[in-house]
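Chain nomenclature is as follows: A, B, C and D, assigned in order of appearance, with residue numbering initiated at 1 for each chain independently.
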Amino acid sequence: MENLIALLVAAPLLGAAVLLCGGRRLDRAGHWIGTLFAAASFVVGVVLFVDMLGRGADDRTLHQKLFSWIPVEGFQADVAFQLDQLSMTFVLLITGVGTLIHIYSIGYMEHDERRRRFFGYLNLFLAAMLILVIADNYLLLYVGWEGVGLASYLLIGFWQHKPSAATAAKKAFLVNRVGDMGLSIAIMLMFTTFGTFAFGPAFEATGDTSEGKLTAIGLMLLLAACGKSAQVPLQSWLGDAMEGPTPVSALIHAATMVTAGVYLIVRSGAIFNAAPDAQLVVVIVGAVTLLFGAIVGCAKDDIKKALAGSTMSQIGYMILAAGLGPIGYVFAIMHLVTHGFFKAGLFLGAGSVMHGMNDEVDMRKYGGLRKFMPVTFVTFGLGYLAIIGFPGLSGFFSKDMIIEAAFAKGGTEGWILGCVTLLGAAITAFYMTRVMLLTFFGEKRWQPDAEGHEPHPHESPKSMTIPMIVLAFGSVFAGGFFSIGDRFMHWLEPVTGHDHGHAPVSATTVTAATMVVLVIGVAIAWTMYGRKPVPVVAPRGSLLTRAARRDLLQDDFNHVVLVRGGEHLTRSLVYVDHTLVDGVVNGTAASMGGLSGRLRKLQNGYARSYAVSMFGGAAVLIAATLLMRAV
Amino acid sequence: MSATAVHSLWTRAGEVTTAAPGDKFTAPTIEYAQLAPVLIVVGVAVLGILVEAFVPRRARYTTQVFLTVVALAAAFAAVVGLAAGGYAGEKAQIAAMGAVAVDGPTLFLQGTILLVSMVSVFTFAERRLDPAAHGNRVDSFAAQAGAVPGSDSEKAAVKAGFTTTEVFPLVLFSVAGMLVFPAANDLLTLFIALEVFSLPLYLLCAVARRKRLMSQEAAVKYFLLGAFSSAFLLFGIALLYGYAGTVSYAGIANVVDGTVQEIDPALASTMGNDALLLIGAAMILMGLLFKVGAVPFHMWTPDVYQGAPTPVTGFMAAATKVAAFGALLRLLYVVLPGLTWDLRPVMWGVAIVTMLGGAIVAITQTDIKRLLAYSSIAHAGFILAGVIAASPEGVSSVLFYLGVYSFVTVGAFAVVTLVRDAGGEATHLSKWAGLGRRSPLTAAVFAVFLLSFAGIPLTSGFSGKFAVFKAAADGGAGGLVVVGVISSAIAAFFYLRVIVLMFFSEPKADGPTVAVPSPLTMTTIAVGVAVTLVLGLAPQYFLDLASQAGVFVR
Amino acid sequence: MSFPLLTATAALPAIGAIVTAAVPAAQRTAAKWLALFFSLGTLVLAGIVFVRFEPGGDRYQLTESHAWIADFGVRYELGVDGIGVALLALTALLIPFVILAGWHDADPLETKSSRWRPTQGFFALILMVEAMVILSFEATDVFLFYILFEAMLIPMYFLIGGFGDRAHAGTDENAAAQRSYAAVKFLLYNLAGGLIMLAAVIGLYVVAGSFSLSEIAEARANGSLEMASSTERWLFLGFFFAFAVKAPLWPLHTWLPNAMGEATTPVAVLITAVVDKVGTFAMLRFCLQLFPEASKWATPVILVLALISIIYGALLAVGQRDIKRLIAYASISHFGFIVLGIFAMTSQGQSGATLYMVNHGLSTAALMLVAGFLITRRGSRLIADYGGVQKVAPVLAGTFLIGGLATLSLPGLAPFVSEFLVLVGAFSAYPVVGVIATLGIVLAALYVLVLYQRTMTGPVGEKIGGMPDLRVRELAVALPLIAVLIFLGVFPKPLTEVVNPAVQHTMQDVQKKDPQPEVEAAK
Amino acid sequence: MNPVNYLYLAALLFTIGASGVLIRRNAIVVFMCIELMLNACNLTLVAFSRMHGNLDGQIIAFFTMVVAAAEVVVGLAIIVSLFRSRHSASVDDASLMKL
């Protein structure tokens, strides 16, 4: 059974290779090939899952070593896979959602002449993401980590002719690289501390290691997670990443890739458990991002960017949970999975809306679409209910668990975290309701575009709606399925461990509080956007609104400090290189030339002056000889 | 020196003189065999004079060329015979009543001089480069050197097909002097040899066919400065004689070392006066440094190299340097080893300013012959570094360098003779632009020579430079090696400039043409290239030769 | 006597050079095919060397030793260790691509003079460089190495100065002036370095009395050759200076952008991917082996210089407006990594540095050659003149991107393996250095992606519209390189196996042990 | 007569000769100054010969005279030809070649 693990990766990798190298003759069948390979991977995943269920809870980890990758004295990196319950969860999520989105893309990308390549990239992404989650050591994980970064780069910039897309892709890759730097330093630290960076031996060695080192490793891993999962302070790329085709946003920037940071932290639980300081920072980052994303999500008029803010915020929840340690690991992953369903569904819905609206993204130019695209409305609505935590739906369970876990952290910390999560839940309810109202309710607000084409909203084709429906099912039922009898907790516990913590308030109280804030959030949104007509042009808004529209000024900060500063730095360095470093060399050459020119003048053509030189030379010669003897 | 002491010496010395018995004269013995190379050359030179007098004008050129080549070849054969006979090693001895030393360095240098002269003579004899004047093929020399440039008499001479075939006996005389110069074993022979090879060179400089004013100017400058320097040399000889009471190298060396057998009172007095020794040694050195073209006695070099007929320049640059360095070596190693520590700083100084000065001033030169002149100055500096090493290794490295350098130099100047425009040789660098496009082979050959000058590995120049620097470093002159390395880097710049010009510049529309030479010049160039490459890749045989030859007889 | 395999690997291209040069002017195409044929033959021989080399065997294998210049104490001694084999293979592998990529670069513009044979010269010079570089990787005699180290400058000089990039922005005269400036700068810089090394070579002989690497190393090891530490340091500096110029290390790097910018792209590849490797190779082989103590003494300064190179090169690459200069500065950054790996003096660092040499050669070749194809199409080197190429020539853009990704060390491609090893090696010995060097990977992403974005994406630029995609010959250059990059990225074992023993030997030379992991040290 | 005075005289003559070379423009005069230097050498040689009581110095002096004569021949030939083509015997006029 172990030997099947490599097949998980091999299938989409082969698909990518075939599609990208195949050339134009595959154009007509490319999307089917891509989907087929993704589905094959999913099937392998399911087979492995069934096999895993058949074994005992402690016997569920599978290993497969393919070959020795980088064998250097004292440094062993293998291409080896490890499939345990945590990895399995991700494998199913990735291949499952991935396959659905492949199917969706068949319709969505129908008119794109480069559709074959799009599927090639998607397959490449699946392969990289699978490597990321089934690697048995950090270096191979790093391969997947950068691989998804590459796929994300290619897909965000898929419409390269748009400068904004190309810029966004570059930005995403760069910001991710900063995070990657953290991961590579973490690996180096592990190498010097543990002498290895394979999961098993490294986690075993944590007991013998000083807390300082572990904290350092933890913080570096957190930096990596921040980059990949768009957490403060490396969150700025996610909004721009919405330049990519919507299926990409759904798959990569909502359901799977961005959650890799959560995976990393949960996977490295052994390290974080022994480094409470690092955990504290993780929690803080999660809490800050949770609010940050939510606030940004409130202000955006671009439907995808609003959803992106929401993604950021939801991952903040997960990171916060992961930072809580064994109390939260399971819930982090659980929220991750449910979020994968409903957020992918929301994005697909948004894509469907855009598909019907000539790729218009401004929600202020939507309105009343429920009549035109009922399937989208229903699936989107279910996703909406799930995310705000409507009782009984997926988000209700998973988010509630995290809020409880936050309180269970105990002490002042627990209270603060609990309140923050509650506040986040309120804001979530607000901005999601806003999106819902602006898009599907109210009057139609769209106008003809510059060329006079009025959009004709229509329902999307089957290939798009079916994945949306499937995901809607997930959004509705996954949470309940996981939570009933703590199924999910028991499933993951052998890997992550679990701890109930000391909740200062009862679960019921928390649930009640959650309900209250939810209603408040929805109500505010209703008063602002449901009761009166929405202006097509956004009002100026308060200072906070304006700041939130600009991603709370973080991009401006980046622009001024990093971009401008960097430009000045490189420009002045170019100048320095030219004038100073090179100048010294050229100056030496020039001064030689000058010296030569001056000395040359001594050769004035007059025989008598030559004689003077000889005479003088002789005199010096004699004088020097005599002087030497005198000395 | 106090006056009274000398006065008393003077009187007593007088007594000794009067007491000298008159019956001690014995007939001198001359080892003709050992002197054969010199004698052959001188003999044929005299014969050449007779040829000028008695052979009809039309046949003179052929006769002279034939005689000269035969003489040089025979002399070279004699040198080889002597070396094979062991005179370079165990049988090395002083010949001709102590006037001449026949030993390893002598034979090596004589052999080098003879071979270099031979290939130079080929360029002298070249008659295909200039367009024929009035149906007569002409060489690089004036039709009638005495005629005023541009005058009717000159035109008449050209029309009549006159040529200055006297250059061949002149070259032979000069070669004869050069053969003796490094072999000279007393100061008198040194001086006479110097004059014998210098005087014909003064004349040779003056007889260019083209640019005659420059040629004459070069001759005047060379002559006046040369005579000036030989006056210094002679004064130095007089002082050394005064110091040691003898002019024989061995005798002086003994006095300098203090190992002299019998010390008469006069000698005792002068011996005590180091000023005589030091000033004398410095002035002789100056005379020799003038000949090798070391800074600050180098000022004649660029002007003379530029003005002289190019074949003469090549000959002069190569052979003179060999002979002069040979004499310098012998002087320093045989006569003045006791002064090594006194002269060392001075020689260091000269070597350093020579290396740097030559290299730096060359950077801005615009005439190829002047450029090569400065290059020769820089090379003199490198060789001086080896001379200073003061070890047998130093000697052999210098011998090797001289051999290497002379062939490359002759070859390089031979190439210069090929590049011509309407006014004769096109020596201005701007004219050389794009030569690589017009005649890649010529340019490539010249580039090989330049690379060898620059000391790029796999050329003979590198082997030589390495040998010299290694000897210098071994001899404790590491500082000189560093300076040498720096000036090599500077020197590389101007060699490269020429290469850049030849290969990377677009040819000018009015650029020069490259004449197709006769087999004579081709031989010269081919020998140069062959020596450059062979001694670059496999120098071992010649290094062996040089190191076997590296011991002076006393 | 067995067949002198190592000599043959150098002799074959040398013969090829002579044969190619002798082809008559009219038979240009024949000369090209001949050159390709000879370079492929060399590749075969290099392959045999690679196979015959036994990683577990003696340190130097396939040795040859003949008397050469006894007076200088010089022998013609050849032998390869794992590092030499790896670089030998790289060189032999790259040259055919260089020749193929430069297929039309030296076609004469006008055929007025029948004697002017630039094409023959171009390919002959490339083969000559190959011969010299290969021999320098094989030389185990310091003098022999030095000779080749210097001599290879000359053909390189003619390649840079004689065959310029036809896509020069300025006028013809301006182009010629820039070109000869670049060529002269290249030569003088390297010659100056080489001459200083010459002084040190002579000094070494004075001290050691031999040029044989093995003899000196043995004498040093058994204590029969004592070297005063000041002497050793001076000699080390003499050697290191020359190698640092060639490598090139900040602040001796300024010749590289000029040379790479002005040369044709195949020649630029030859410079950075092949010839410059001799410098870093020599650091590893000569500096560390001959002067272990001095190497350790100089380590702090060299590490700082390497760090500066990494960051400075990358920042300057970001600021460039010329594609080729950008790649040149990127190379400076990469050479910083190589030097860092060498002087970190850990097994990982040195293995990484060796792999880095190979991988950087491959990645730069891929990036630069494809960039060359691009530049030839548009006739400009300025980044600003491009845009939207991806739309009209997707294969070109794709190969360019892969070359770029290799340059930024994306995992899965060969350079990642080496870069990570270097970083780990540096980090385990000098954590702060390792962390700062890691910044380089962010900057690498910046300059590569900015380059890609500005040239390949966005609206289709002026004069880009009709640009043809890669042709068969160009594909034959790009695809195999990419294949090798991917192969070595996924499965670098064949290389590491060969390199590891050599690195262990070097580690013994400098008497350094890898730092122990904290966990084990605690036990 | 103190013999060392001969040496002083010789040195003086040599210096006068050398100064003449440096100062005078006319090539003939310059040449004569060189001859003066040579003769100063002769004087030194002869003086030392007397001092040491051997004949070497005197013999050298004879050789020097011959050499001087030869130099005159060659030198005058060159100078005269220069004069004929330039109508000037000034060494300063002969400065076509410089730098």
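Here is the rule we use: contacts are C-beta pairs under 8 Å (C-beta built on N, C-alpha and C of every residue); 3 or more make two chains touch, one makes a residue touch a chain.
Predicted model, so just to flag it, every value in this text is computed and none were measured.
Asker: Compute the shortest path length in steps from chain C to chain D over the network of touching chains.
Answerer: 2
Asker: Does B-D or A-B have more contacting C-beta pairs?
Answerer: Contact tally favours B-D.
Asker: Farthest from chain C in C-alpha centre terms, which chain would that be?
Answerer: Farthest from chain C by mean C-alpha position: D.
Asker: Grab the C-alpha centre of each chain and report whichever is closest to the global C-alpha centre.
Answerer: The most central chain here turns out to be C.
Asker: In angstrom, rounded to a whole number, how far apart do the mean CA points of chain B and chain D lie?
Answerer: Once rounded, the distance between the two centres reads 23 Å.
Asker: Based only on mean CA positions, could you tell me how far chain A sits from chain B in angstrom?
Answerer: Centre-to-centre distance between chain A and chain B: 80 Å.
Asker: Centroid from C-alpha atoms only, then distance chain B to chain C, rounded to Å. What do you get?
Answerer: 45
Asker: Averaging over Cα atoms per chain, report the distance between chain A and chain C in Å.
Answerer: So the centroids are 37 Å from each other.
Asker: Give me the residues of chain A that touch two or more other chains.
Answerer: If we look for residues of chain A contacting two or more partner chains, we find 589, 600, 603, 605, 607, 611.
Asker: Multi-chain contacts in chain D: which residues touch at least two other chains?
Answerer: 18, 21, 30, 91, 94-98
Asker: Can you tell me which residues of chain B touch two or more of the remaining chains?
Answerer: Those would be 220-221, 224, 228, 232, 302-303, 493.
Asker: Dump the list of chain pairs that touch, please.
Answerer: The complete list of chain pairs in contact reads A-B, A-C, A-D, B-C, B-D.
Asker: Quick check on the complex: what are the chain B residues that touch chain D?
Answerer: 1, 3, 6-7, 9-10, 13-14, 16-17, 20, 145-146, 148-149, 187-188, 191-192, 195, 199, 202-203, 206, 212-214, 216-221, 223-224, 227-228, 231-232, 234-235, 237-239, 241-242, 245-247, 264, 266-267, 270, 302-303, 306-307
Asker: For the complex, which residues does chain B have touching chain A?
Answerer: 220-221, 224-225, 228-229, 232, 274-275, 278-279, 281-283, 285-286, 290, 295-297, 299-300, 302-303, 341-343, 345-346, 349-350, 357, 360-365, 490, 493
Asker: Which of the residues in chain A come into contact with chain D in the complex?
Answerer: Of all residues in chain A, those touching chain D are 600-601, 603-608, 611-612, 615.
Asker: Could you please specify the touching residues of chain A with respect to chain B in the complex?
Answerer: Checking each residue of chain A against chain B gives 589, 592-593, 595-597, 599-600, 602-603, 605, 607, 609-611, 613-614, 616-618, 620-622, 624-626, 628-629.
Asker: Under the definition above, what is the set of chain A residues touching chain C in their complex?
Answerer: 20, 67-75, 79, 139, 142-143, 145-147, 150, 153, 157, 160-163, 165-167, 169-170, 173-174, 177-178, 180-181, 184-185, 187-189, 191-196, 205, 208-210, 213, 566, 569-571, 573-574, 577, 581-582, 584-585, 589
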